[in-house]
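Should a chain be cited, it is by its letter among A, B, C and D, assigned in written order, with residues numbered from 1 in that chain.
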Amino acid sequence: MSPKELIARRVARLLNDGDVVNLGIGLPTMVANFLPEGVDITLQSENGFLGIGPITEQDVDLVNAGGQPCGVVTGAAMFDSAFSFALIRGGHVDACVLGGLQVCQNGNLANWMVPGKMVPGMGGAMDLVVGSKKVVVAMEHCAKDGSSKVLKECTLPLTAVNCVSVLVTELALFEFVNGAMVLKELAPGVDLATVQERTEADFQVAFDLKTMEFDSAELKEAAQ
Amino acid sequence: MSPKELIARRVARLLNDGDVVNLGIGLPTMVANFLPEGVDITLQSENGFLGIGPITEQDVDLVNAGGQPCGVVTGAAMFDSAFSFALIRGGHVDACVLGGLQVCQNGNLANWMVPGKMVPGMGGAMDLVVGSKKVVVAMEHCAKDGSSKVLKECTLPLTAVNCVSVLVTELALFEFVNGAMVLKELAPGVDLATVQERTEADFQVAFDLKTMEFDSAELKEAAQ
Amino acid sequence: MKNKLMEVSDVGRFFRDGMTIMFGGFMGTGTPPTLVKALEESGAKDLTIIGNDTAFADTGIGPLVTNGQVKKVIASHIGTNRSTGQRMIEGLTEVELVPQGTLVERIRCGGAGLGGFLTPTGVGTVVAEGKQVIEIDGREYLLELPLRADVALVNAAVADTAGNLRYRLSSRNFNPIIALAADIVLAEAGEIVEVGALAPDDVMTPAALVDGLIKGAA
Amino acid sequence: MKNKLMEVSDVGRFFRDGMTIMFGGFMGTGTPPTLVKALEESGAKDLTIIGNDTAFADTGIGPLVTNGQVKKVIASHIGTNRSTGQRMIEGLTEVELVPQGTLVERIRCGGAGLGGFLTPTGVGTVVAEGKQVIEIDGREYLLELPLRADVALVNAAVADTAGNLRYRLSSRNFNPIIALAADIVLAEAGEIVEVGALAPDDVMTPAALVDGLIKGAA
């Protein structure tokens, strides 16, 4: 199982049956492939609909929030962008899953800009992390140069302050509760010392620290 | 021609071809009957559509802003109340015509409440008079007790300040220009002295004071 | 997608004394009759109701006021229901009158996660009393605050079993707006169809907003 | 109702140097290709363009930026059109980045006659710079101001000759919102039908908002 797949599989198990979920571009999109049996979620696309589905035939008028051709499920509903962000800001999205450049110990997220290098714009990310009931950041624990992306304080421009509910990396799962960052789970085969070493942020360790659970069918599938 | 009919006929000639118009309940509703030949206006109903038309068959889901069954013209469009008032407040209604309890010389209007007596609520009136490009008040010049309804200052709770563009009564037509009230027209057979006598407000008299014009076909029709 | 269809008899459990209830409708047109009846029969009292008007004494939301179940009304117009005015004068029911455009925008605001908005409506009138006035580009605006409710009662023409809704003609009015502004959204539709029977572009309120659905009179 | 149908060749007269233009579309989907082409061919320059993104170098609104007709971009995302970023770095085009929800709400605000709104989005970020922060019930909000344009370029799937519009699937996006926020609204539709062919409940933008209509590619 690649680090990204592990992250996506763990995030998928955070979602509840009946949830309305917005998945960001890239790694978060993979989450849809790993939903547990019996978990029925509705995917929101911030460009204007509920009910993203697998693509059946390409339609020039139907793209997802990444601008890519997509499909819709039976029972999907279309709307305009003002309505879409009324849904997002208004708490009608149960969870959003986004990638991150940096997360810091008080739950700030930076994921939209590297000054002087990458200034694509925030798109809908700032609204999503402020409005969604649960904000899940799905990212690799360290940057390519090995430096930690889980920091005491973000150095990049923020997407929002105190917004992250859960951070899932290939090493660990953290929850942010009342301003505190709490290590709740370790990835299979990862020990606490490794997480501490690769994390700049100060975090608490849950009394009931666990190892991420994946069911056997899942692990079998991933091994293939 | 009754006073009300005269008012309605004069107001009808204030509307321009292509205008979107909101007509209030009562006297203003009559205006639709007297549109000049070739003047195509679209009537807005603030409960949610453009294109009020004559009733053809009663439909339980189709009422006007007075709650009365109505019809729609070909090409009508329905929408929700938030959209309806976006149209109204946003300047997409060219003219609204409302009744009045009092109008004062600086263009304030009172038309929704008589304390201790009548407190029905303002409905959409406050939005209409603030948002419409042109606000026409259509009312009888004096109250039943003979007192003027055209005052130096309104004594009843206001609908809005400085909002009236044109006031049409059975005696006269006034325009409000840069904070000044100007008598522009006299009703047929009415002299300036009569208007002065029945008006408490201070007003200017236009250099080109005219008598209201009705075309001969109209007068003939009215006489029948 | 989850099936939201329930029996009318299941609806009563959503109502409690002291709740705030939003309802769709304009003088009764577009007010869900079966849901209002269920609320009436639940006997819930001390209600705050939010909607355009209180209709007539015996139609729309009217009977709830007449019955004395309502502690407070937030509406733009109460003139057609004499019992509302009478109870207001007798001090039995509090009435907050809000301009219609401001009322529906406050509800939209509550549903859209906004903290308030600036409107020119009501400046210089009694509506401005106690409100912050903010000047933008030389024009004065009132800062109006969001409205939300515990339960919204929505009337649709057609619903699929998942709760996608479609409205008809002037019965749309406040319905799609209140569907975003309450913790629990109950809808009534004259016609119930299978999921998929409403094309995605024909849905006016997405199923995700609807918690419970009943079949009303067609 | 007036017939709003015109030839593409009639459209150029609406464009002038220095104008502010809003356009529908999300990465090009729902951007009216024929109207953008007409704007491009008009040669109008020093434009301010307002829309969700600048699409790609050669699709949607992209070519206008690439061509150097655009002085300023107000958008939520410019990452997919390299020419926008490049011109920004070279100081040739000013870029104002606005969160997508705030952007569309600012446009709605401009079209709805509101003076501004309070949003939690952007609090504590660079987006808050220079903006008034207002606290409501203990939560901080940014006061965001309305956006309007001289001309809006709208893309519809179907239009009747009076200008009633209907959108299709995800090409709806910003289109119905910008149709209220500009002095002149020009629409393009792949299919033009007679007045009456669109049922009143199927219209998504009423004809009264549309000033000119052209037949685009289906």
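Following the convention adopted for this analysis, a residue touches a chain if its C-beta (ideal position, glycine included) is under 8 Å from a C-beta of that chain, and two chains touch if they have at least 3 such contacts.
Predicted, not measured: the structure shown is a model, and the values here were computed from it.
Centre-to-centre, using mean CA coordinates, chain B is 35 Å away from chain D.
Inter-chain centre distance (chain B to chain C, centres taken as mean C-alpha positions): 30 Å.
Note on chain placement: the centre of chain A and the centre of chain B lie 56 Å apart, centres being C-alpha means.
In chain A, the positions touching at least two other chains are 49, 72, 78-79, 85, 88-89, 130-131. In chain C, the residues that reach two or more other chains under the touch definition are 105, 108, 112-114, 119-120, 167-169, 172, 200-201. Viewed as a contact network, the protein chains fit none of the simple shapes, being neither a path, a ring, a star nor fully connected.
Chain pairs recorded as touching, per the definition above, are A-C, A-D, B-C, B-D, C-D. Interface residues of chain B facing chain C in the complex, by the touch rule stated above, are 45-49, 59-65, 67, 72, 78-82, 84-85, 88-89, 108, 118-127, 130-131, 157-161.
Within the complex, the chain A residues that touch chain C are 18, 20, 40, 42, 44, 49-51, 72-79, 85-92, 130-131.
Those residues of chain D whose C-beta lies close enough to touch chain A in the complex are 26-30, 52-53, 75-80, 85, 88, 95, 97, 99-102, 104-105, 107-108, 119-127, 157, 167-177.
For chain D in complex with chain B, the residues that touch the partner chain are 1-2, 108, 110-114, 160, 162, 164, 180, 195-196, 200-201, 203, 205-209. Within the complex formed with chain C, the residues of chain D that make contact are 105, 109, 112-120, 134, 136, 139, 141, 143, 145, 166-169, 172, 200-202.
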